[in-house]
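Presented sequentially are two complexes of chain A, the first with chain B as partner and the second with chain C.
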Partner chain A sequence: MKLRRPAPRRSPAVRSHSVRARKAQSRRAQLRELRSRMARPGAARPGGVPWPVVARSPAARRLGACLFLAVIAAVVTGPSGDADRPLAGIEGSFTPARAAGFAAGGLALWALSIGADRLTTRLRSAGHGAALGGGRLAALGGGAWVTPAGAAWASFRRGRWAAFRRGRWSAPAGNLALLAVAVAVPPLLSTAAQQALVSEIGIYALLALGLNVVVGYAGLLDLGYIAFFAIGAYTTAYVTSADAMPWHAPWQVNPFFALPVALVVAAVAGVVLGGPTLRLRGDYLAIVTLGFGEIVQLLANNADGVTGGPRGVFGLPPLSVDLPGVHYSWGLRPLPYYYLLVVLIVLVMVVFGRWERSRTGRAWTAIRQDEVAAEATGVATMRMKLLAFAVGASVSGFAGVVLATKQFFNPQTFGLQSSLLVLTIVIFGGMGSRLGVVLGALVLQGTAFLLRDTVPPADRYIYFGAVVILMMIFRPQGLLPPRGPRAPASPGPAAAPERPAVPTERAGAPGPAGPAASTEAAR
Partner chain B sequence: MTGRPIPGPRPSTTLGPVLDVRDVTLRFGGLTSLDGVSLRQDRGSVLAVIGPNGAGKTSLFNCLTGAYRPQRGSARFWPADDGVELVGRSPHRVARLGVARTFQNIRLFPEMSAVENVQVGVEVRARPGALRGLLPTRAVRREERETLDRCHELLDFVGLGHRAERPAAALAYGEQRRLEIARALGTSPSLLLLDEPAAGATAAERTDLVTLIHAIAGRGISVLLIEHDIRLVAAVARAIVVLNFGRVIAAGRPDEVRADPAVVEAYLGEPDERRDGP
Partner chain C sequence: MGSAEQISQLTIDGLMVGALYAVIALGYTLVYGVLQLINFAHSEVFMLGAFGGLFASRALVPAGATPSGLTSAGLVLFGLVAGALAGAAAAYALERCAYRPLRRRGAPRLAYLISAIGASLFAFNLAGKEFGRQSIPVPDLFTNGTVVTVLGAEISTQSLVIACTALAMLLAVDHLVAGTRLGQSVRAVAQDAECAGLMGVDVQKVIVVTFVLGGLLAGAGGFLYAMTFNASYTMGFVPGIKAFTAAVLGGIGNVRGAVLGGLLLGLVESFGGYLFDASYKNVIAFTVLVLVLLVRPSGLLGTRLGRPA
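Showing the complex of A and B:
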């Protein structure tokens, strides 16, 4: 399986033909069914409308989905069964009171979603006038008239705000605002939250940024990515401390010097792994990298005399600056590490932003979208894929340094679960989008942190899974998908591919490969 | 759309062959796809390879571009006065030597815009160094601007100037074919391999394609063409090679080849007038 971004939806003009045909067909089938049911009077429902037609209406389907969600919610929040009475959990979840409550919740959700739909439809139909912005605001306020404030807001939206959004300062201003939030908010949080910000969100955001290069830019599925994180962390232990691991460097350096060392070591490890394995594609690459991740973890676990084995590594010196006149230690509090992570993340994001728009980034995109074509166009695919591996690995080497100087770690820190977690963050946030994967780390890991105190540990992954599944159903491209090529100003019918009218061709033919083959057959 | 010269360095115009394929044999297990194929192409000329489905035309292209490695034979290519061997090189090296190709089933980078598609090809010739784009120095910016200018010129050349910012997947079918040609031209080739460029094209598009191929050849780029449409082939190619079951069964001028009984029997299979053309 090669990870691909979900293709952009085909424009309605493309689908209309086949969709219309399918609709006509299903309508015909409905009619047939209707006739057959009318022939057997007992089968029809009292209202005269056959059940399947009712069930096919969008509102009914949505009702079904809402009630289904309510059932799931009831089961998940209910008591657990045990080995003797496995069904006790289910029974306990549907006591009359609970059943009524969750059914009401499901109905309310349904009513809300239907209402929201009606509202947007009405706003859209009224939206061509100047009152769009004001109308929406007024509707939120409960009335359908345009208030003076609403009118002012509408003119602001159309005038200055739109100009600002189009202008060159909107992106930097937005980024600065986000950065300001990232800098200003954490000191107000509890220590536990700050701790989570460092070791669960920040480090994983950095890891996700690195994996994003491999998966999001170059389209290589790497399931052993966490191994480079481990290599970064153990390298730090090797060069900064004489007693944390049985094996250590002959001289110890300030942890800051571990940053470049870990970067180089992890990048070399990336090339060493990539050299032989990047000739493989898709599934095979995933399996081999998975194996690599396991090997590194097992080595760390079993090489007692080198890594300390399952006991783990602790007592590394914290990060510190010891320049003449400047002495500062990061110590044990989480906040200084948090700010260091913010600096690293911003740095990595800026560098990668420049990189993804350079020809290296274009070569990666080309490889992701069609490796054969990229190679035939002269892109040195092997070298570019190795570069992606090395770059991704070096970023996770950075993350390893921060982890090692901040806290205790042992081989279990680098299990398969962590690898999958980073991959989930990348997919969740939006493959190929830097801000997206950082937000993905914040949302996913933040959810896990918030659930920690309220949900029994065994249930936590249910919620985690639910968040991911909902995301994949309703927004498969991720939280903040990367921006594609600038869309044309008016994607009207002209944007639809006008393919030659060849009888074997269907609008559903996948990609450009279909028509060529079918025209060949038709000629 | 074809009045302008192709932007970029012009290939060498000295006379002599640009491609000399000798005795290329390609087997997949027990299946012989190409059986001792030899052909020779003059610099600046248009040579067409025709043959029924499964005759080995695309296999030949894949051998020339490094996608397949034939068991026997050689393919010498003269980008300049010195010849190089193509067999045994990886596809991107072949492309960098100056052999560009298009695909029978269009292979663009679907989510990239038209101009970015061409950019990938043009940047193959850019100065090496993956880290070079990281600092927006003046030299880097100038390079990027020149690359973009060249891409837009190439898009104008194939008649897609007005579609530059469209994603490739949103282009019409014929436009996608032309974009593939522009991307191939972006690598500044001396030899361009076109794999069924007219497949699925309308009559008007075929006429445009003939003009386009003439314009490409007129600028000193040799064109090797796979095509089924015998009228189109006759309009652009001075020489035709006919393949069947992996063997060259005829070669020569279009009128000679069309009259050749072996060709009529193997490939056309019916009187010429009955074939529907545009």
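Showing the complex of A and C:
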């Protein structure tokens, strides 16, 4: 007997949210389209597909995303407003010419992403697709824009380049080459560029290396990291100069001795902050450290009789060597400080490289991946987290010494934005990757420096914020992810090389995550 | 300690500010209840809502004029709605851009925090660029004067407006979460998202609704805040932290807890600011936050969303 099935009613309550329905978006949309075509032939528009289906199809969604991006880009790159005419910026962003241009850009992006997607699908069906990793991009509406180039790059990466990277001499050779560039190029640059190399790139690279221990190795989000930088700088002022701050040490020492002092003071501050707070879960820790950073800045600003308050600190003696027979002062030019920073950075990188592969480093990895499991297998989690905090803080203190001997600073130097900038560098470079964060500092800050005439310094952070979001969406492992067999995993599944090209849609929420939610179970 | 008048004045002021904190804290608490995540960008939603209300009321009120009577009531309502809508739009965009892509990938917690921080950095600097980096006052929507005197404390029109609106919103949200079908699904997702999905709750939709709801509240709260303290691109940070403190104090994920925590924090701050110094109000709030987190991380009322207090 032939059953006539009633047309399936599309009840909104059960349409798309059972766990099983978390298949790829496109497939679901296709099904829906088919179903609605079968169910309501009369409702079909002349085009053949009812409007809601068109509006919710992946292509339409992607069009929406691209146009949204275009609008955002128009506003971000547009003129700025001010308090008298606060809407002038937005109005100026959408003059007819600009609006048309950005709309065209959005459409072009859409077309490109759709086209790239088609190409990816075709290539994948031909067996090449897996290497492209386009799925992650496609899932968000970006599309693998440079698909043919991507294919070439993938085959290159799997071929000779991979063999070279696996080779015994590749790493030392590459590092030496980088170091040679780092040493040889700066003297050729302009003074302004050298200045930026010191105070915007070098110091931030050092800071990022320190934060990398906290965020990248141990997986603790520290938003008050810059406070240790401040502590290092003010400590230097305290021990090296009698008149820079109202409060000073009874005797003054050579700034080089400030390095160990600042290191110890910052590490102690790290332990003092970490002691009570590291028991907290990740997001609480973030907000408490944020508060700590604010309080340190507030104290530096308000304690006028101790720190000099908003006037800031200047006139510290520059770094100098006064040994019998050797006299050298770092003076005012940026280049000597640059080389000092290179030495410090290399030193820190080498030390952390050893550390990363030690028992301690493995303990940090364990804590980052699953704290409860780490605790259960005998890692002294509290002590290890404190250690990570103290190590990060001491590197930050180090950087503070260089800053203090190099240039003027005041409480404004140590704002929340600087903390977030360091975090941005770490995210951009690759959490857990030493070379990555240094390159991250170079690329981000270097770009900001090169574009200093087009993008005012205050507006840089708009782009930094966008960089953070985009990195978290498209490349959570960062520019240069940590490598090696025990690649410290960045948040996100990308650490696993052989993952399905289309990410599975997971439950809406990270599950019934209690305080003990395993942070990386999803991988 | 001062006289009875001072005490009652401090109490009134504290409750007024506390009501605002409570309104913002609800956004944190709702999102936390559903996602178990602190929405770091919530303070920017608050700020954008304030600007939304500000521009709406600037568009209607001519410079220098001070409306009165029913007109001002309408204007306040209009500003509130505009602020709430702006906040909701911001919250929705935030969810779409900074949260959903990560959720789709099943990213670890740290990733959400970081992308929310990125969104916050982006939003507030963009606002600084667009709207200027000085604070902008909301035009006068009513004549501000003393309405009643309670135990020597003067209650101004402004505090009355803020208190009434905040109260209305708090009651509405409480009803929404505790007594409607939508609230039921929010609570279901908060308890167990996976299971709620299996029972036919649209988890994705609930998450969006939660964000939008938080955004509505924060936007309206932002407008109220801006009426007193003006709007500026950095205005979100401090109230955001304080509202978060309030949410934790009451028990994060707990709607009534957020209200209680907000009012309490307002009082603590008001009296603490009087006892020490007004410039240390922020330090007081931070200290409260740290103490609560250390001593009783589950807050006063426990951390379950929607369970009756």
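Keep in mind that, in the parts below, the second predicted complex is superposed on the first by the 296 of 523 C-alpha atoms of A that agree within 3 Å, B and C clash if a C-alpha of one lies under 4 Å from a C-alpha of the other, contacts with A are read in each partner's own complex, and residues count from 1 in each chain.
Everything below uses one rule, namely that contacts are C-beta pairs under 8 Å (C-beta built on N, C-alpha and C of every residue); 3 or more make two chains touch, one makes a residue touch a chain.
As the structure is a computational prediction, the values presented were derived from the model and not from experiment.
Enquirer: Report the partner of chain A that touches more of its residues: chain B or chain C.
Expert: Of the two chains, more chain A residues are contacted by C.
Enquirer: Looking at the overlay, does A:L423 come into contact with chain B only (first), chain C only (second), both, or neither?
Expert: second
Enquirer: Could you tell me if A:I462 is touching chain B, chain C, both of them or neither one (first, second, both, neither)?
Expert: Only chain C; A:I462 stays clear of chain B.
Enquirer: First (chain B), second (chain C), both or neither: which does A:A73 touch?
Expert: neither
Enquirer: Considering only the touch criterion stated at the top, classify A:L335 as touching first (chain B), second (chain C), both, or neither.
Expert: Neither partner.
Enquirer: Answer with first, second, both or neither: which of chain B and chain C does A:D370 touch in the superposed model?
Expert: So A:D370 only meets chain B here.
Enquirer: On the A-aligned overlay, A:V272 touches which partner chain: chain B = first, chain C = second, or both, or neither?
Expert: It touches nothing on chain B or chain C.
Enquirer: Both chain B and chain C touch chain A; at which residues?
Expert: Shared contact residues on chain A (touching chain B in one complex, chain C in the other): 491, 511-513, 517, 519-520, 523.
Enquirer: Show which residues of chain B lie in contact with chain A when the two form their complex.
Expert: 53, 65, 67, 90-92, 95-96, 100-101, 103-113, 116, 119-121, 123-124, 126, 130, 132-136, 147, 165-167, 169-174, 176, 183-184, 186-187, 196, 199-202, 228
Enquirer: What part of chain C is in contact with chain A in the complex they form?
Expert: Those in contact with chain A are residues 34-38, 40, 51, 55, 93, 97-98, 101-111, 113-115, 117-123, 125-126, 128-136, 189, 191-195, 197-198, 200-207, 237, 241, 244, 248, 279, 282-283, 286, 289-290, 293-294, 297.
Enquirer: Sort out for me which residues of chain A touch chain B in the complex.
Expert: Residues 5, 7-8, 11, 351, 354-355, 357-363, 365-366, 369-370, 372-381, 384, 387, 484-488, 491, 495-500, 502, 511-513, 515-517, 519-520, 523 of chain A touch chain B in their complex.
Enquirer: Spell out the part of chain A that touches chain C in their complex, as residue ranges.
Expert: 12-19, 68, 75-76, 80-84, 86-87, 89-90, 136, 139-140, 215, 219, 221, 223, 276-277, 279-280, 282-284, 286-288, 290-291, 294-295, 298, 302, 416-417, 420, 423-424, 427, 458-459, 461-462, 464-469, 471-473, 476, 491-493, 503-513, 517, 519-520, 522-523
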